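My questions all concern the structure below.
We just call them A, B, C and D in the order they show up, numbering each chain from 1.
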Amino acid sequence: MADSALARAVRRSPSVRWDTVVGALLVVVLLLSFTTVDGFGNALNLSFLIGNTLPIALIALPMTLLVVSGEIDLSVASTAGLSGAVMGALWNQGMAIETIIPVCLLIGVVCGLVNGLLVTRLGLPSLAVTIGTLAAYRGIAQIVLGSDAVTDFPAQYLDFAAGRIGDTFVPYALLPFLVLLAIAVVALHATPFGRSLFAIGASEEAARFAGIRVRRQKLILFTLTGLMASLTGVFWALHYASARYDNATGLELSVVAAVLLGGIDFDGGKGTLGGAVAGVFLLGALQNVMSLVNVSAQSQIVVTGVLLVVSVLGPRVARQISAARAARRAAPAPPPVPEAPAPTP
Amino acid sequence: MTVVSPDPTPVAEVAESSGARLADRVFKVRELAILLVFLVMIAVTQAGNSEFLSEQGIKDLLLNATILVLVATGQALVVITRNVDLSVGSTLGITAFAAGIHLQGGGNPVVAIALAVLLGTGFGLLNGLLVSLGQVPALVVTLGTLYIIRGIDSIWVGSRQITAADLPAGFVDFGSGGISAVPYLALIAIAVLVATAYYMKHFGSGRELYALGSNPEAARLAGIPVRKRILAAYTFCGALAGLAGALYLARFGNVDSGTGTGYELTVVSAVVVGGVVFTGGSGSVYGAALGALLLTSVNSVLPALGVSSVWVLAINGTLLILAIAVDRIVALRVAAALKKRNARHG
Amino acid sequence: MTHPSDTGPAAPVLALRDVSKSFGAVRALRDVSLDLFPGEVHALAGENGAGKSTLIKTLAGVHRPDAGQVLLDGAPVLFHGPGDARDAGIAVIYQEPTLFPDLSIAENIYMGRQPRRPLGRIDHKATRTATAALMRRLGVGLDPDRPARGLSIADQQIVEIAKALSFDARVLIMDEPTAALTGSEVARLFGVVRTLREQGAAVLFISHRLEEIFEICGRVTTLRDGARIASEPLDGMTEDDLVRRMVGRDLEELYPKQEVRPGEIALSVRRLTREGVFTDVSFDVRRGEIVGLAGLVGAGRTEVARAVFGVDRRDAGEVEIEGRALTNGAPSTAMAAGLALVPEDRRAQGLVMNMSIERNIGLTGLRTTVRAGLVDRGAERSRSLDWAVKLHVKYARIADTVSTLSGGNQQKVVLAKWLATGPKVLIVDEPTRGIDVGTKAEVHRLLSRLAADGVAVLMISSDLPEILGMADRVLVMHEGRITAEIPRTEATEETVMAAATGRAA
Amino acid sequence: ATACGGTTKDDVKNEGGGRAATAGKADPNAPVKKGLTVGFLPKQVNNPYFTTADKGGEKAVKELGSTYKEVGPSSATDTAGQVSYVNTLTQQQVDAMAVSAQDPGALCTALKQAMKNGIKVVTYDSDTTADCRNAFVSQASGEDLGRTEVQLLAEQIDHKGKIAILSAAQTATNQNAWIEFMKDELKDPKYKDIELVKVAYGNDDAQQSFQQTQGLLQEYPDLKGIISPTTVGIKAAAQYLSGSKYKGKVKLTGLGTPNDMRKYVKNGTVEAFELWDPAKLGELAARTAVALSSGQITGKEGETFEAGAMGEYTIGEDGVINLGKPTVFDAKNIDDFDF
């Protein structure tokens, strides 16, 4: 119910937004790595970095929208695994890949729809529902494909998913991602649909009273998330040339961590896609750099954790400092003049 | 509900009985529903496999649930305050190893358990401080400490491991022993559970946890020391994760740097299945414990029925959803019935 | 019934000395001083955003003053939080209810200071009994074991009052406790307040209903733009005097009702039923007409409005806008048909509290301020600015979150949000709750003008004079049914109250 | 071409399969190069088994005058992580890498990229598909392991009764291969009284393996023996048995490390089990990598090379090099080993 309006007002940063900070941090990390880390700046490494980060980035797009609207989907990695498993199973049966891929995407849609219906029709908490489907979808994947590992997908598809344009750092797969990113940015930040998501996330009841079709919007979002997760599953299987039931296991935590790092507020109602994508690539780049300079996997985990904690504590501390400074400045200031002209009846 | 009577005669007495009792019962029913699901499941399994409820079988069921019950109890407290602690799995892993190292060096089991609890308390305190003083989203912070504690654990443990051979025989026997079908570990868990439940219902600070989860701003205005309470909930949760770590060591006799990885999702599932609401303010530790018992039992029931392990994961997930869906539908039905009963007309 | 109060030689129990408080650039209080004496009921008056709630929160230890002092029994004190103030014997009813929805009413009232048994355990039974006694004292039948979730605004307010009374405090501070209450509950509350005063308690009382101030208070302090204008006895003052101090100009007419000839039927409700809540509700509202919907708290008026708009599903019945039937449970189609609902709970239903003023007003225009499928930001801003100014919303920047606005100004934003849709049928539920007299007149003039322009208005209000002053026709609800329809000419307090309490045929 | 006009599995097959990743000519007498960098990439760092193996590798690399390094993911299911570590090693321009693959297919693209950059790739413990590496160092032939485990258990239960297998993940390639050989061995008439009732999967997780063991015993109360060809599985099963009424009654064997199993052998839960020496496995992988880099071998079948004190090894079919027969541990010899 009524969350503290006061606490929210305080939490809100008046000056520097966190997504900008993450973006800046990404740029700094990239610049530093280019100049100081051997093997980072060459095209091959960059293409690897981007290619390996793409699955997280792909799912982060709908996840950001979902989190903005106050929900979460932890079953994404399992949906990806399921669509990979189905892809492998159908391929083994001799179906054409051109037919298989749409079927896989359809399965993703169904997975998302199931999540969405459970959340919107029964009013169940999405966290609980998707922990359940996280197990269920992965389980179905296991039933579908068992212990097989399917690797013999057609070369032109594998090349598209794993290759890069000429000798540049640009993987082929980056281009469709950029298109999807553009669509997502416009959808979230410039359409009525996106606007309504912010309202739903911040106060579902007020959104309903404003005539926003809350349940429908959420259902659409869950379905989209399922679709994107299965697309990621297909991409994953082709990128790594391996369809197994346990593909992408644990990816949900990486996505959630990256989205959180990007400043998306899990209370809903706040955040930008730019921040989320910057968060995804910041984590990806850091991991790449740390491996190159021989930081052990264990230490990398610590760095990720510290980064997350700092990402929420940092803005808070910064705000307190700036608030304290503002208070000192404001004390002797003259009475304020409102921006709006004096109202005339 | 308001009856504005034109004359000043008291009217409060009238409403006292029906609504109150029923509402009271509803809350109990919620946990009863889970208990029922659990009993049905056990009965069906027993019908299909008479070995299931043998003395050994019951002991196994209780033992399996013990560790999850402890962690879920602590987690329930945190969730009731509208927060969450995702770092419990990492805490369990590192405390189990700490206890193991102590025992490996020929230490005293009691000291080892105390050490684990203390270490867990420390990490709980850290989480609590970050969440309450920083006033930042618990999900992010504890996801962060999940990684941090796990990282520290793996750096410290490296590829070392504690095996049963490193532990005093008495300690390992304690982990699997018990009084007939009731393991010692389960007795510890039950004692902790009952004490916590009593505290949550009958002590002011316990009720205040509910209050501040229900409406944090109102809690502040009511003069409840919000930060102190949140800190206490996290510390308690950490302490229980530490205790669970020590018991894990006794139970499995084996700890390495991966112990407890991914445990947070299981714990959260148990708490949610047990009817503790994620937006805070409602639910009980008994519910969380029942949820834990239900979840771990599913993992025993399926193998006992001879279900191929290929199916286990899918069935597990489906059951989890079913459990929360049934719980929800029952709650909705009861609410509707209540509304009709309380209608002011007629 | 005004009471000359004893501002005799006694020392003030609680006082403010030259207190200032700023929020960022907003200076909510400037060098304000105030004395509260035992045995007096002291009114605090001022326009929306004048700083009344801020003053109260400073007294209660919620805010720490930037400058100046709080004096308790003449000695400066520093409250570190609301708990400190409570321990000093200060009970506060805040403007917005602060309940724990998951806890029972009894727990809500005694949270943090439950009666104890040995070993510090809570005495649940004593808590319940004490709550029941409080409810009797206030003359309401709220069940102490009922959870607070789902209580109507009025019932929430009553629980807040009960909570404050349970303290037996030396100082009782009430921020608009009556805003959601109807006459009989207010009368009951005042009875209790008088008893407290007799017992020597100091009471600080805020209300935008001036008649209430004159009825119960002995002295009044007026605030304007965060500064104190005057502290004086109410004896001999008129309402006009008070308004002049508050607004700095004379009171405009409070009920500027324009005569309009009603047109064809715009809203038609037939046999609307929601089981257990209301039954068989039928009525029409014509273009140009203002229909008042009166009734006691809990009569089901709000529920009817919600079902008409579609946020609740109806179990039976039809709703038509200009002859077009509305889909059940679909506010979006109701909006598309030209219906607007200003809900009663502004914080939960009317506003998205952590969104900006601009975006909140823009929320209802998402479908209209669109160019090529995208939100037209320029149009959105000018639409929002336009209406914020029309309704005298007092804000620093249009991009500020609404949670930084004072209660009354938040209410104006809700009105702005819905008026901006240019509705054909407008349902307003307690439209002027918490709005100051000056603006109230403004809102009334606006409603009047809308009606004149052909909008059909259904006005739900617990403020009977408002209904009588504005409505062409008054519908009265009692226990979920419409019990009377009274034309303007015959509508008086007596006829309406008779129907509302079920006494009339 | 197919009826629906798309690309199918058959089309891909017809294109002709991959060839072995060998090129150039071997010179058995080429000198051993020094100053090479050999990167080890286990399935999981922090895993005692791999740590022992990689220690063996490190010792050998140093002995041969080259530089050793180890990288790797902290989770055994983080395939994407392992792929990026292959990339990392490629970027760091090591001369050879020894990889234990989490997935037979997933690492292929990255490994091929590495080989294109002149890096020699040896897999050990867990193989990839044959064309993605130069050679595979196998811990023991799957055939040896599978058959000997059945023999071990059969002796303990007098060639009579129900037995079950507790494996790791359902997808574990080597586990599955061994299980196939176990089933094949059981076809021998001398095992006619032994019935394999079930294969359970504990996913190399202590708790799950634990509960799977419980389940097996509840489902088949007359179970006589369990084979667990995974170090995690056998450990969990032993711990459960030793704390239950089945201790000593239900026989357990499989693959385990002496340090893990010492206690259970001594308290009578387990009679005998087996394992290869992981340190030797790592050492052979290191020596193979250096031999490849030195040009002594290319990975073709039939080539031979000298692996220091371990003696001479011959490359078998598909570039597979077998470490040798596993060691059986029991109460008599277990204290002679420490790993």
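Definition applied: a contact is a pair of C-beta atoms (placed from the backbone, for glycine too) under 8 Å apart; a residue touches a chain by one contact, two chains touch by 3 or more.
Computed from a prediction, not measured in an experiment: that's the story for all the values here.
Student: What chains, if any, are shared contacts of chain B and chain D?
Tutor: The shared contacts of chain B and chain D, listed by label, come to A.
Student: Could you find the chain whose CA centre sits the greatest distance from that of chain A?
Tutor: Result for the farthest chain: C.
Student: How many angstrom between the C-alpha centroids of chain C and chain A?
Tutor: Result: the chain centres lie 42 Å from each other.
Student: Averaged over CA atoms, how far is the centre of chain A from the centre of chain D? Could you give it in whole Å?
Tutor: 36
Student: From the mean C-alpha coordinate of chain A to that of chain B, what's the distance rounded to whole Å?
Tutor: 29
Student: Roughly how far is chain C from chain D, going centre to centre by Cα mean, in whole Å?
Tutor: Comparing mean C-alpha positions, chain D is 73 Å from chain C.
Student: Touching two or more other chains, which residues of chain C qualify?
Tutor: In chain C, 101 touch at least two other chains.
Student: On chain A, where are the residues touching two or more other chains?
Tutor: Residue numbers touching two or more other chains: 1-3, 5-6, 142, 146, 250, 296-298, 301.
Student: Residues of chain B that touch two or more other chains: which are they?
Tutor: Counting only residues that touch two or more other chains, chain B contributes 154, 214-215, 217, 220, 257, 310.
Student: Got a list of which chains touch which?
Tutor: Pairs flagged as touching, ordered by label: A-B, A-C, A-D, B-C, B-D.
Student: Give the list of chain B residues in touch with chain D in this complex.
Tutor: Chain B residues touching chain D: 49, 51-52, 56-57, 60, 64, 154, 157-161, 163-165, 172-173, 175-177, 252-254, 256-259, 261, 299-300, 302-306, 309-310.
Student: Using the touch rule from the top, collect the residues of chain B that touch chain C in their complex.
Tutor: Listed in rising order, the residues are 1-6, 8, 10-16, 19-20, 23-24, 202-204, 207-208, 210-211, 213-215, 217-225, 280-282, 339-340, 342-345.
Student: Please give the residue numbers of chain A that touch chain B in the complex, ascending.
Tutor: 1-7, 11, 74, 118, 122-125, 127-129, 131-140, 142-143, 146, 250, 253, 256-257, 260, 265-267, 296-309, 311-313, 316-317
Student: Can you tell me which positions in chain C touch chain A when the two form their complex?
Tutor: Result: residues 22, 24-27, 30, 66-67, 96, 101, 149, 225, 309, 311, 330-332, 334-335, 341, 343, 347-355, 359, 362-364, 366-367, 370, 373-375, 385, 388-398, 401, 403-404, 417, 442, 445 of chain C touch chain A.
Student: Taking the touch rule as given, give the residues of chain A at its contact with chain D in the complex, in rising order.
Tutor: 38-40, 42, 44-45, 48-49, 52, 55, 91-92, 94-99, 142, 146-158, 162, 239-242, 244-250, 287-288, 291-292, 294, 296-298, 301
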